[in-house]
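In the two complexes that follow, chain A is the common piece, with chain B as its partner first and chain C second.
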Partner chain A sequence: MIDDNDKIKVLIADDEVEFASTLATRLNLRNFSTTVVNSGQQTLSAVAKEQPDIVLLDLKMPDLDGLEVLAMLREEHPELKVIIITGHGSFEMGREGMELGASDYIMKPVDLNLLIEKISDICLGSKKDS
Partner chain B sequence: MKKQDAFFEKFLPKSLKSLIDPGSGKRNYKLLRAILAVTMLAISIGPVLIVAGLGYRNYGDLVLKAEDQQLEWQLDGKVKSIKHMVKNLRSVVQFTARRDRYTELIEGDSLENLFLRLKQQYPFFADLGVIDETGIQQAYVGPYELQGANYQEEKWFGEVSDRGVYISEVYTGYRQVPHFAIAVSNYDPKTRQVWTLRATIDASTLQQFVNTIKTNASDDLFLINNQGVLQTSSAYYGDTLSQFSAPSFYGIQHDISLEGEYIFRAILQIEDTPWALVLIKKRFIHQADWKNFQDKLSLIVMACIVLSVLVICLLVSLLTGLISKVDDLQIAMLKEAEHTDKLASIGRLAAGVGHEINNPLAIIDQKTGLIDDLLQMSGEFEHKAMINNSVKVINQSVERCKIITHRLLGFARRTDIASEWLRINTIVSEVLQFLDNALLYSRIKVDLQLQDDLPRIMSDRMQLQQIFLNIINNAIDAIGKDGVINIITHKIAGDIRVVIQDDGPGIPEEVLPHIFEPFYTTKETGKGTGLGLSITYGLIKRLGGDITVRSHVGTGTAFTITLPIHNEAQNDRRQ
Partner chain C sequence: MRKLLMPIQGDFIAPRFDLATEILIVNFENGTVQGDPKTIIMERPSDEELCQMVVKENVTDVVCGGIEELHYNFLVWKKVAVCDSVIGGWKKVLEKVLDNTLSQGDIILFGDEQLLTL
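Moving on, here comes the complex of A and B:
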């Protein structure tokens, strides 16, 4: 069994509650530690509180634009890894996010295996002992 | 200007707006052609006709004036000739009636001798008579017994006594032969009385003289007396002593109609005689010149008209042809603009729908994923296999939906285009790397003919990749298994051209016009969205390029993509 502390802490930020919670449940089943938030503001406070290893950030949230949140996160937590989740079905938003410092992007509907692969790739650099 | 425009609008074909309306059809080119032709003909032939008309009139006036003048000279000459003749006759009679000859003439045969001598020289003398102061004819030589005749009461006797000389009108007298008389009176110093010598002259003398001075310049020439009685015969008015009209006017008269022809008529009084000379001339002495002028004028006018008509017909047909071509072009452009607009609207709608469906789809995807996870974790239970199978089918359906929504969202590409200097050949190679496996699997050979020294172009890498990816994917799908894809790049003027050609089955002619329309697909349900080429078309247009397709059933299909080296449309948008 992997210790809770060894688990990769994932913060899922998406205003689609059902999507975010189900994704969290599935990640939990795969030994990730997850937290779910549904708005930009919640994202900012949760990052400060939970100190996640990686944030899955939806670009379209009701209060703050995903790219704004990303810019703020990058400013306060330069080391924080972010994967953009985009419902726009295009590379462009993802690419814009990457220009702002996101590590990668993935399009909805999310292929879980691909997502886990990306998370692992990104986080392995900082958590080699997993 | 607006008023003028409105004025012309009435005549000119329907405005462009009506052309867009499919019901209204094209311009009325027949009407346009007719209006143009009539206007141009009026403008070109009008002045010719005016100038010709003025020329005709002025030249006519000139000819008339010249004729007038000529006629005047002629008449003047003729009148002078007659005067001269009359003067001669009078001189002869005056010479014969020398004043001291009275006694000599009334005695013996001397009058007869004189008459014979005179007759030798002037055969037209008909008789001679010597009359004394009281009007009694004292001596007479001639064909009648007029010796002792009393002329006391005759009008002419009074006149000759008063004036010394008298010339009579032509009359028939006793002899019923037209003649006239010249009488001269003189004072005889011996007998101390005024006596008169009267000579009768045959009127044919006048006739002969008039005949001799009649030339081609006149059509009729004759003498009349004050009452309008002909003194010589006339070609038009009859023989001597026929009635002509009494002259109410002396000089030249125009525009008198005679036997259906217009004539000049000149009447001039001959001084010291009871006669007036009448000259009749058909109009236009210079008839040949006038005819020549008319012929030339009509020839020039006809030539002008024929030439104008020919040139105008040619011009009008050229012009309307051009207008028709421009109209066709405009209609085609409008249709294309309409098409592009339609595509854009569909694009916005599609993107909206895509986005709205994509989020619930993501939830379905996660929920089925979770069910799947839970199924894996749970032990065997009733219907587990069936549920497992259903979840798999749901997953497959979600996958199909995902492809559709992603393509729909492709329409929502933001209009910003990331521009960088790119090498087309590199992008083609990159795309081919993506497709390596698919090509290998389908045993498709790619034949590259890439021009080495192509200039770099300012464009968007991702979008170009997607364009080539879509078209090469289509080619792979079209070929199926075993085939060749030719990719050719080359530079043409300010553009770079990429030709992607497959040796697949080709696209039927009836399908070809629709291939860029959204949701148009010939693939079986579930295999294609009908959005690939439509998105590709939109992307190429956004990059300022163009795409055309050529296809023959049985030989294959070639897409030609033209991309500008500098994308001005994009630069404009950026400004």
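Moving on, here comes the complex of A and C:
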């Protein structure tokens, strides 16, 4: 049994409510601890409040653009790990996100195994480094 | 080797093909699962995208709940074996697919299934 403190804390920021909640359910079943937010502003508040290990950040949100959120996160929480989640045809935006300091990106529809591999590599890799 | 796609919702086969956002893809041969099953989470429900996924992933078998005739016919035209109107927990359904005992319209009662871990 994994203690809650040992779980990787994932903040899912996506305005597609069903997508975000489904992803959270699946990640919870794989022993991650998740929080879901549905806007850019909520993402910034949740990062300060929840202190996640990693943020899964959608690039298209209604209030703040994902890249804007990413820039603000980089400024206020430079150590925070971010994986960009991009929709169809926004491969370039994913790359742009990487240039802004995101750790990685993944395209929708999301292959859960691939996402978990990326999260684990990034979070466990950074834990080893520290 | 055959490749099965099941639209799911939590522990169950999704009741409607066009409203599913979770997809399970399993390779199987001679009644056993080959490799790790793949779970895909779609951005939003879309029967068109799901049909595209079936074609792109070279799926040979689809098991689902309700599906529109248009999409059923498209998949059959693409030589995909579609077993529709299936109700039940996806684990039991998968067992029946592997045993080759699943039929169209089967209702599989929820038994003592474990929580899903896929």
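Convention: the second predicted complex is superposed on the first by the 123 of 130 C-alpha atoms of A that agree within 3 Å, B and C clash if a C-alpha of one lies under 4 Å from a C-alpha of the other, contacts with A are read in each partner's own complex, and residues count from 1 in each chain.
As a convention for this text, a residue touches a chain if its C-beta (ideal position, glycine included) is under 8 Å from a C-beta of that chain, and two chains touch if they have at least 3 such contacts.
What you are looking at is a predicted structure, and each value in this text was computed from that prediction instead of being measured.
Undergrad: So, does A:D63 touch the first partner chain B, the second partner chain C, both, or neither?
TA: After superposing on A, A:D63 lies clear of both chain B and chain C.
Undergrad: Scan A:E117 for contacts with chain B and chain C and give back first, second, both or neither.
TA: neither
Undergrad: Just chain B (first), just chain C (second), both, or neither: which does A:R95 touch?
TA: After superposition on chain A, A:R95 lies in contact with chain B alone.
Undergrad: After the superposition on A, what does A:G87 contact: first (chain B), second (chain C), both or neither?
TA: both
Undergrad: Touch test for A:L23: chain B only (first), chain C only (second), both, or neither?
TA: both
Undergrad: Is A:P109 contacted by the first partner chain B, the second partner chain C, both or neither?
TA: The answer is both, since A:P109 touches chain B and chain C.
Undergrad: Mind sorting out which residues of chain A both chain B and chain C touch, each in its own complex?
TA: In chain A, positions 16, 18-19, 22-23, 25-26, 29, 87-88, 108-110, 112 sit in both the chain B and chain C interfaces.
Undergrad: For chain A, which residues count as touching chain B in their complex?
TA: 16, 18-19, 22-23, 25-26, 29, 87-92, 95, 107-110, 112
Undergrad: Looking at the complex, which residues from chain C come into contact with chain A?
TA: Per the touch definition, chain C meets chain A at residues 10, 21-23, 36, 38-45, 49, 53, 115-118.
Undergrad: Taking the complex as given, what residues does chain A use to touch chain C?
TA: Checking each residue of chain A against chain C gives 16, 18-19, 22-23, 25-26, 29-30, 87-88, 108-113.
Undergrad: Please name which positions on chain B make contact with chain A in the complex.
TA: 354-355, 358-359, 361-367, 369-370, 373, 377, 398, 402, 405-410, 412-414, 462
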